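Take a look at these structures.
Look at the two complexes coming up: chain A is in both, with chain B in one and chain C in the other.
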Partner chain A sequence: MSHWRREQAERDARIAAGRTHASGKVVPAGRAVDLLEAILRPGDRVCLEGDNQKQADCLARALSLCDPAKVHDLHMVQSGIVLPEHLDIFEQGIAKRLDYSYSGPQGGRIARMLFGGQIELGAVHTYLELFARYFVDLTPQVALIAGVSADREGNLYTGPNTEDTPTVVEATAFKNGVVVAQVNEILDRVPRVDIPGDRIDFVVEADRPFYVEPLFTRDPAAMTETQILMAMMAIKGIYAEYGIRRLNHGIGFGTAAIELLLPTYAEKLGLKGQIATHWALNPHPTLIPAIESGWVRQVHCFGSEVGMDRYIRERPDVFFTGADGSLRSNRAFCQTAGLYACDLFIGSTLQIDLMGHSSTVTQSRVAGFGGAPNMGSDPHGRRHPSDTWMKAGREAQTVGDPALMRGRKLVVQIVETFGDKLVPAFVERLDALELARKIGLELAPVMVYADDVTHIVTEEGIANLLLCRTLDEREQAIRGVAGYTEVGRGRDRAMVESLRARGIVRRPEDLGIEPLDADRSLLAAKSIKDLVHWSGGLYDPPARFRNW
Partner chain B sequence: MSERITDPRAASWYEASARARLDGLLDSGSFAEILGPEQRKMSPHLPLFDLPRAFDDGLVIGSGRLDGRPVLVAAQEGRFMGGAFGEVHGAKLVGLLRAALGLKPAAVLILFDTGGVRLQEANAGETAIAEVMRAITEARAAGIPVIGLIGGRAGAYGGGGLIAGTCSRLAVSEGGRISVSGPEVIETNKGAEEFDSRDRALVWRTMGGKHRRLIGGADTFVDDTVAAFREAALALIGRAPAFDLATLEAEQARLERRLADFGECRDATEIWSRLGVNDPAAVPGLTAADFDALVAGLRETGHDAR
Partner chain C sequence: MERLTFRHATKAPLVGRKPLAITGVVASGNLEVLLERTLPPDACTVEIETPVHGYGDVWEAVVADFVARAQPGGLRITINDGGARPDTVSLRLLQGARLMEG
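Up next is the complex of A and B:
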């Protein structure tokens, strides 16, 4: 009589119940609801795979159609709250508790439901935290995942958007959980085995291919001269000075502009090979010109991007690809790479306060964290040096024994002083604090904390926060690049000029940049079509990005 | 050290401002502006809406030379209010066209870049559209070709699309679009099932330069450079048709035939297929040279109507 195999016995019972709706492991889409009702128990911890891009949408629809009398009070543990069904199940009583990471498109609704008490919130995580908790105290009992194809044994091909799948399956399958995979098609032999079949218990042939959102495509045609100016300053004032080779970019237009200036502006500065060679990055279409001009040595990806598959397949020296030739992405590994193996993160944000705390939260939306706080933080566990890391460390060190100095990761915020609809990016107090109070979050949703930020780039200049020696200097350095916002106009002019004399605040002219040179003619590609040309016709942009 | 491209003719038409287009289009140094920004003829209506004005009201007009020959030109600035027609903007164009009757230039060139009429001064804008069309027909009747050049970000929509339809000849680039109702307007009124305005490939194959060229809605398809538009303008001036009853009757007959031939098609690719294009799906990806070769082998695309 074993007290040590209770979970296994439960798992066996669930699988036996599920098998009545399956032929071997295979379940037709029409029986998906029956399958879920058979294998789920009230109160289960469930991961319904909702990644940054890939969505187990067929299984999400099936779960939302389950009978709440049979399936209720689930505890959802998933990185992305993206589809309407992800929240419908809370309204229906099928789910009750939520631990998640990112809720981009559902940010407004999730805020209302949290406020209305329809969701019992555990916590909002970064990706790496949630993944870590899968192995400690949020291990799923059932995982509902998505792949491109499977064979009848359950061997799974995830396709280029592998994303979270290996992590979710690892935590579930090896801790007595049940794994159900939806696939677009069932084949005799999959192109490559991303997940071995003995970790997959059921395969549902989906009624239509799973949904992938093109999140990383920025149309060069929409890039402004202000963004180009900021990109020029970042390249000359940060990338060149610190010799940044290993890096991660956010998904905004400012960073996309940097990507498009590498083969033109940065090339003229003689920086090729000196900067931006090794990346932790989704396959951004705007990186194509830099790759084609020989700037990029390699790129490891969190996920993929719609339309980039053929291009990636033809550039295996640059990307991580499988024996079948297609991209192998992996969010957990790439997040770790961005955290520990990159010397710089640069990204945009919605609000920055006087100390440099930043947040993408507005009063009415809880967008979650995703991976940005992992990328945009200084990992105190890092122990390998690099020239970039050591230089930043020297700039930051104020006291103590130089022999005990450690380096610093560069965490750069690149923002226009006024954002969308002329909303100021610099504020006295983050909206995140008000939101946290309103919906009762114990921890204010700060994306990047002030003590992690090293530089702020705006169209007015660069503030180097590493060199600030007092809180007052820090505040004035931030005000000094905040332009005509209230925060910017509240600056102490004399102090900002003295910071400028010390190189803490730098204007375009201090960097030898003529703002009138910030012209769209500098962009290596000015349109999506230019990107297609750069790729030799291999990039196949989605219809909504085409103007031909 | 300037980082910018300095040859104005090498610049992208789509990317260029109205003034940069004129700069590269005309013979170097020949442009003389009429009612320039220093005269500050601005919209009297926009301040009521607390909206910023432009010193030229988004239209640059004047005279210049094209390969030595005198021309009158009007260029819309698509970056100011989407190039939309307001009272001053429209009046400047009407005045230019009427002046042509006395000045007898070799042609009037209209560099379209417009979403149509400015909502904030709609009555004045709509009136201007009608007056412009009348002025164009009068200029054409007096033997002065009016050539439309369409390759800007805003395209030639609304009243701009109507005006384009009265020009002697039109040159269009891939980025250029010609239509009356815009994609969002159609979607709002008829639903996304009828026309999904976010499907840009659909928008372009329905309203874009290649489609307009294939069905004879434009007379020349050009690369997206200022130099290519200059060459096209020169060639089209020489090919301007007569403006008489025979031309109008031919146009009426052509449009009737077009409706009969293609009226039931649900997508532009079906029209292209009926026109004799073997691989309609490949059309959007063709280069200008390959596209020209394709057009040369098709019926319907060349005619003197309009």
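Up next is the complex of A and C:
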């Protein structure tokens, strides 16, 4: 007799062991360690939900308190390495191998541990790529997830920060895995069912609400004239020229400045309704003035943002909301939307080389990728045209039959030539290559490859890489907007001027922009308090952003 | 503190009559620029005090580009730097020149 139900039998045994610590599906926070020791087996693939924003922190603490004699050598497969416990478990021997996407706040420590050999690294993925592998070769045996509330049957309300949860649960629950959810409270009836109860095996009532990072809040008070100038150039030189309606923004100040210039500068240019109408974007507080001014038709979100819940509830024409009225986000779907249904990605980076490869890895930090390489790539599987996409395709096409031309997604890097502490953003060679050599990575952690980048915007101008016909032109176009960095000062001035004559390099004056007009008075909101006013008091910023 | 001084010959005096202007603030990542119309119309000097050492060649390039662009003949310019990035320096210099023209 063949064994076709080995995984199911194993799952049943794990659940039976776990039930001894539960009442039905419900486990008190104080028994979480016992529960995990009962259901985990050495070498398990485990997804400990660490998303871009929300964290299953109660379960992370419990996992790090497990006895390494019982729970060891786990293979962690999770998108975010965010909490200290996510790395503590590798020092304790509880976990051994890691496949992940993003490690922003733990970037320094993860680099040291990789270098010290304490972590066996599989790969650093994009979100969508890791999610894809959950269904092929990285399917979790156990998922430890986070929700806002649950009932005793396990029906789960994730709240506005749904993020990765449906994807993680789908892969685990339907492939004989065990799903444990931590929730802030257990209710008789949840506000809406985001995950049906038959996919949840245990519910842990957490000792405190799960942690969420306000990752997308940019204070307009900190915006500089340089960022405003870059935003003006992007709007006039890219958004208007290509008629970009469907787009995704990164999290930097440059793109936040663009959001704040829509109802002012872009309105004066007569662009309302012509650009920036449909978004794959988290609910950025800096988008409030554009929404309130009628610029934005709709926004689909990867996750939510702290303080935006009440505002979103009152704007269901713009956001995706559930029957309970609150936001429904979904990282996997929104990443797919950004990849296939957006014509532009614009974001910042830490280093760009002479060909246009970019990376956020520096010698001492491995920040991971998150969604940028996915958003910031030209999807070869796209088959629907748009004016924007076709125009970019025509600019890039040099040879071949025009009838077989495909479009191009616009992938724009918006960077100040010097970053914090006068660190240049333009370099001859990415630090990522040295790091890859040092820790023995087969694939260097490049965020956006040069062949995907179409434009670079700096305070000095815009380089249109689609129009470059040789590698030499490309290098000089990049040097030509690299300002006073060594890369910028190393330019061939005559060649940059000839690129300028062909519209490949464009200065503010070529776009009819006077740099001295780049003034903070152009910002639709000059402070967090202004954003609260724009929202009619519905936006409730986190305490650290309240300075009035 | 590092002190740098650059002297340039200019083709023409800066337009306008304003004798003095000040722009910017001495703060981290920012700078204060004092402009005085006290030199002969074919000369411009820029004196810099900066807490960040070793960027003399960058300052030289920023100042040279500013002089070529604004032709600030007659100006004595004094900068109190707070570790500003070159693009901010460039912007403040141009803002200062515009104030002097007004």
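Convention: the second predicted complex is superposed on the first by the 546 of 548 C-alpha atoms of A that agree within 3 Å, B and C clash if a C-alpha of one lies under 4 Å from a C-alpha of the other, contacts with A are read in each partner's own complex, and residues count from 1 in each chain.
Everything below uses one rule, namely that a contact is a pair of C-beta atoms (placed from the backbone, for glycine too) under 8 Å apart; a residue touches a chain by one contact, two chains touch by 3 or more.
From a predicted model like this one, the values you see are computed outputs, not experimental measurements.
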| item | value |
| --- | --- |
| Touched partner set for A:69, first chain B, second chain C, both or neither | neither |
| Partner chain in contact with A:459 - chain B first, chain C second, else both or neither | second |
| Which of chain B and chain C A:526 touches, first, second, both or neither | first |
| Partner chain(s) touched by A:489 [first = chain B, second = chain C, both, neither] | second |
| Partner chain(s) touched by A:226 [first = chain B, second = chain C, both, neither] | second |
| Touched partner set for A:265, first chain B, second chain C, both or neither | first |
| Chain B versus chain C as contact partner of A:546, first or second or both or neither | first |
| Chain C-touching residues of chain A, taken from the complex the two chains share | 224-226, 229, 416-418, 422, 459-460, 483-484, 489, 515-516, 518 |
| Of all residues in chain C, those that touch chain A in their complex | 52, 55, 57-58, 61-62, 83, 85-88, 91, 94-95, 98 |
| Residue ranges of chain A touching chain B (in the complex, touch as defined) | 221, 265, 268, 514, 517, 519-522, 526-527, 529, 537, 543-548 |
| Interfacial residue positions of chain B with respect to chain A in the complex | 2-5, 11-12, 14-15, 153, 174-175, 198-204, 208, 210, 284-285 |
